[in-house]
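A, B and C are the chain letters, set down in written order, and residue numbers restart from 1 in every chain.
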Amino acid sequence: MLSTGILQRLATFALCGLLCGCGPAPRQDGRIDLILWKNLAGLDEEAATSALIDRFNAVQTRWRVVAQSLPQGGYDQSIVAASLAGRMPCVVAVDNPMVASYAWAGHLRPLDGEVPAPLIAAVSPAAVGRYAGKVYAVGQFDAALALFTRRSILARMQTRIPTLDRPWSGAEFQTLLERLKAGGQYRYPLDLSTRDDKASWWTYAFSPILQSFGGDLIDRRTGATAEGVLNGAAALRFGTWFQMLFAKGLVDRSEPDDNAFIKGRAAIAYNGNWSAPEFQRHVGNDLLVLPPPDFGHGVVIGGGSWQWAISRTCAHPDGAGAFIAFMLQDAQIAAMSDATGNVPVTEAAAAMSRDFGPRGKSRVFFDLMRRFARPRPATPGFSTVANAFTTALRDIMDGKDVHDALDDGTDDIDRTIADNHGYAAK
Amino acid sequence: MTPAAYKSIPLRLALYALMAVFGVVFLLPFLFMLSSSLKTNDGIFADFASIRAVLPVGALTGENYLHAFARGNIGHYLANSLLITGVTVLMGMVVNSLAAFALARLEWRGKQTALTLLVIALVVPFEAISVPLMILVAKLPGVALGADGLTMTRSWLDTLYVQIVPFVANAFSIFLFYQFFRDIPKDFDEAAYIDGATPLQVYRHVIVPSSLPVFATVAILQSLTMWNQYLWPLITVPGEAARPLMIGMEQFFGARKTAWGEVMAYASLITVPVLIAFIVLQRWFVRSVVGSGVKG
Amino acid sequence: MNRDRRITPLVFGAPALIGLAVFLVLPFLMALVLTFTDQRLVSPQPGAFVGLRNYQRLLSVGALVQSPERDRDTAYVRVRAVTRSDPAWRGYRPLGDFRIGARRVTILAKDPPFLRALGNTFAFAMMVVPLQCALALGLALLVNAGIRGETVFRAIYFSPVVMSMVIVSVVWAFLFDRDLGLLNQTLGAISFGVVRPVDWLGNPATAMPAIAIMSAWQGAGFQMLILLAGLQGISQELYDAARIDGASVWQRFVHITLPGLRQTIVFVLIVTTIAALGLFTQVDVMTGGGPRGATATVMFEAVRHGVREGDIAYGATISVVYFALITGLIVLQQWLMRSRARVAG
C-alpha cells in the first residue's frame, strides 16, 4: 500500500495534531497569562469585551488576559468538564443565578481581598453575586425588563401612562388588556415571549411577577424549602392570574415569531432593554417604556446578568482581581454600555455613558434596574428551582390545576434540597 | 425486478412521477437549508410561508457565509473534525477487523460467550454510558505536547484524543466484519495454512483482499458517526482548541436572537462537502454495501 | 503451532477487547454502581450509599382508592393533599384515575415522566420502524426497477443520511412550524384549505408522530441501500420463470421478492428498532421533551437527569433499568423463536 515513509510522516503529523494545540503559544515578554472564559454573546458584546481586554493589557505590563468564548448553550457543562479536569481558567464569566451553585461546588474563590471593596459597594446589588455572606462575582452590566407599548394605543384607550412612582395596579392592567381584546384589533394583546421555552427566560421574566404578588421561588431566609412560598396563597393568586391570561385569550401560548409587537399583532410587549433598539426602529417616537404592574407587593423586575468571578485554582488571583477591578472602573463600565446597550451598574458610570445619563434616552432602564431589580435566589440548587418553576408555569399555561402544579414544583425543589442535605457547606 | 425493456411507457412514466415526488420530498429540507443560508433573518421569516422558503429568491446575501467563516472559525473546527474522523476510522478498521477475524476464523474457548456479549453490546445506547464515561476520562491521566515537550496532564478532557480513543473499538463494526468474514469460503484459509502461513498472514493476504466491500462500508458508517458526533464533545470538550464542527454550530444559538441565516450557512458548509463526497463515491459505496452482504 | 493457535485470537482481539472493556463495559459497571449511591456530578459532599432508593424513585407504582367525602357525593379529597401528608404515599404523583362505582381509584407513580417516556419510546418505535422500513422498501423497489436515471434518485434518497441529526432537527423544526411551516402550507394547498394548520410540535398528539416522520425521512435512505443489496441478490431467473407462468406483478412480489428479502428485512427491522429505542438527539434539539412530556424518551430523561441536572446516580438508574428491559425483551424473543422452531421442527 502506501510507502512506509509517507505513513510514518502521516502518523507523526496525526500524533502531533492530536496532542498539541491546546492553548496559545507562550510569548517571551515576561507577562503572566491569565486565561479568561466567557459566554459567546452577540457581536457587539464580543467586540466590546475584546476591546476591554486590549485596554487592560495596554495599561499595565504584568498581566496579559487571553480570552476564549464558549457557546452559551453548553456553558454550564463546559464549566463542569473543566472543573473535573482541573483545568479551570483564571477569570470566568458566570451567569448570576449560577454563582451560588459554582461557589458551593468549590469552583470559585471569593472576591474579597482581590477586588477593592469600595468598587463592589458602588455596584447595584443585583449585579453582585453573593453566596453565604461572601461576594463571588460582580458584573459590569445588567438588564431591565419593562412593558413596551405605543403612546397612541394608550391615548386611544384613554388609559393613564404609568410612571415609576405610580405604576399600574394589577387591576388597571387587567382592565386594559381586556378592553384591548374586546376591541378586536389585537388577537393577543399581550406578548410575553412565551415562544422562548427556556427555563432561563421563564424564571427571569415571571418569577419577578410572582414576587410582585407576594410569593417567591424559595424561602430566601433559610434557603431550605419552597413550601408556603411557591405554593402559598400569594403564589396561587399568581398562578391563577397567569392561567387566566391564556384562558381569556389575552396571551398566545406560542407566538409564531418574535415580532408580535412590531407587527402590531400585540399591543403590549413584556420584554427587556435589549429589544429596545429594534422596537425604536420600527415604532419610533410612539414607543413607550413602562414599568411592569404592581400586583400588590411592589414592582419587581429580574436582576443579575453575566458576571465575572475568579476560579479557586487560579494561580494568580491578584492578576484576576486586578482585571476585575479594572473592569469596574466607571469609564470601563460606561464604554461597555455605549458599545452594547447593556445597562451600567453604577450611578457614576451611567452619568458618563452616552444613553444612560440623567437625560439619556435609555435612562428609564437604568432607573428600572436601580429601583426594582431583584436577583434570583442565591441557592446552589438554582437549576432545579428554575426547571421546577418553568415546568409548573408551563403546565399552568396548558391548563393544569394551579394548586397541583405549584405543589409539584415545590416538591421537586424540596426534594432536591433534601437530597443535597440542605446544601450544607463542606 | 423486471428490466426496463419489459415495462410499458405509461408504467415507466408513472414510476418516474413517483420517483420524482419522493425526490422532491427528500430534497425539500435541503433546499430550505441552502436557500435560507443566502437570506437574512428577516428574509427567511418573510419567505417562510410559501414556496419561496425553498427557493433562493429575494434579497440574497453572502453575508451569512462570511460570518460563518469569520465568527465560525470553521477552518479550525473542520481540521479537528477531519483529524478525529480520519484517525478513528483508520484505527477502527484495523482493530475491529482483527477482532472479527478472531471470532470468525479462529477457534478458541469462550468464543460463543464473546459473540453473545457482542450482540448485547449492540443494544447499549451511547447516552446510557456517556456520563460515567465522561467521569472516567476526566480522571484518566493524559498527555499533552507543548512548548516544553511531552507533559502529563490530569485528565483527558478538552483534547482531541478523548474524541477518538473511546470510539475506536466499535461493536457494530466488529459485527459487520464478522458477518462478512463468515461468508468467505474457508478453502483459501486452509490452503494458506497448509502452505505454512500464520494466522496474521492469512488475515493480511486472504481475508483482507476479499473484504474490500465491508471495509468500505464500515469506513463510511464510522465516518458518518464520528463526523456527526454531538453529545460527547458537548460534555467533554469545553474549549475551542479541540472543538469539532458540530459543536461549532452551537455558538449560533443561545444568544437572544438566533441568527438563523448564519446557522443555515454553517449547516450548509458542514453538509454540502459530505454530500458531494457521497455523490462522487456513490457508485463505489453502493457496490460496497451490496457486496458486503449486509443482509443479516 | 498449537500454542500460537491459542494465544493468537487473544492477540488479535486484544485491542478491541481492551477498548470495549474500558470504554463500554467499565462505564456501564460504573453506572451500575452509581445507581446505589446518591452521587452527584458536582458536589463538595461525597456520595453515599443509598441502597435501592433510586430504583424505588424510578419504578414505584401504586393505587390510591378514595371514597367521596361525606355530604358531598362528587368530591374527593385532593390527591396531592394525601400524598403530601401521608408518609406512605410521600413522593408519589398521580398518573391517571378512574371510577369504580362511587370510589375513585388513582394510579400513582413516583416518576410519572419516566413512565410516560417509556410509553413514548415504545410508541415511537412502533411508529417509525414500519414507516421507515416500508419507505425504504418502496424506494429500493423503485430504484431497482431498471429505469434510467436511477442513480440520481438513489443519491437524492440517500442524501438525508449524511446530514447530521442536529441539522436535520433544526431544519425540520422550521418545516413543522404551525403558522408558517411548509408542511402545513403544502397540506393546506393540496387539500384546498380543508386541512387546518396543525401545530405539529406543540400538540402532544402530533409531536411524536412528527419526530417519527422526520426520523424516517433521515434514515430511510440507508435502509434502502441495504434492501437494494438484498434485492440484487435475488436471482433474475426466478422472476423470468414466474412471468412465463403468468404470475402478476403482485404475485411475483409476494412470492419471490418478499421471501428472498426475508433475512434482509429482519436485519433492517432489528437495526431500526434498536436505533429507535435509543432516540435522543431529535427530541433534545426540537422539542426538549415537550409539549408537556409528550416527546420525552427514556434516553432523553437519562441525559436530562444525569447531565443537565447533575443527578448522575438517577440518570444511571434510568439507563440500567432500560438496558435490562431491552435485554430482557431480546432474550424473550430469542427464547420464543427457538421454542417455536422446536415445536415446528
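Please note the rule applied: contacts are C-beta pairs under 8 Å (C-beta built on N, C-alpha and C of every residue); 3 or more make two chains touch, one makes a residue touch a chain.
Please read these numbers as outputs of a predicted model, since none were measured by experiment.
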Once you count every C-beta pair in contact for both, which comes out on top, A-B or B-C?
B-C
Of all chains, the one whose CA centroid lies most distant from that of chain C is A
Whole-Å gap between the CA centroids of chain A and chain B:
38
How many Å are there between the centre of chain B and the centre of chain C, using C-alpha atoms for each centre?
21
Hey, what residues on chain C touch two or more of the other chains?
41, 177, 179-180, 307
At which residue positions does chain A touch at least two other chains?
77, 80, 84, 257
Residues of chain B that touch at least two other chains are 45, 135, 235
Can you list the chain A residues touching chain B in their complex?
14, 16-23, 25-26, 37, 39-43, 68-75, 77-82, 84-87, 257-259, 274
Contacting residues of chain B [partner chain C, same complex]:
1-4, 6-7, 12, 15-16, 18-19, 22-23, 25-30, 32-33, 36, 45, 48-51, 53-54, 94-96, 98-99, 101-103, 106-108, 111, 114, 120-133, 135-136, 165-169, 171, 174, 198-200, 203, 224, 227-228, 230-231, 235, 246, 249, 263-264, 267, 270-271, 274-275, 278-279, 282-283, 286, 289-296
Okay, in this complex, where on chain C does chain B touch?
4-6, 8-10, 12-13, 15-20, 22-24, 26-28, 30-31, 34, 41, 139, 141-149, 151, 153-168, 170-172, 174-175, 177, 179-182, 185, 217, 221, 225-226, 228-233, 239, 243, 252, 257, 263-264, 266-268, 270, 274, 277-278, 280-281, 299, 302-303, 306-307, 312, 315-316, 319-320, 322-323, 326-327, 330
Of chain A, residues touching chain C in the complex:
77, 80, 83-84, 104-107, 197, 253-254, 256-257, 383-384, 387, 394-395, 398, 403-404, 407-408, 411, 415, 419-421, 424-426
So in the complex, which bits of chain C are touching chain A?
38, 40-45, 78, 80, 84, 91, 93, 177-180, 202, 288, 290-292, 307-311
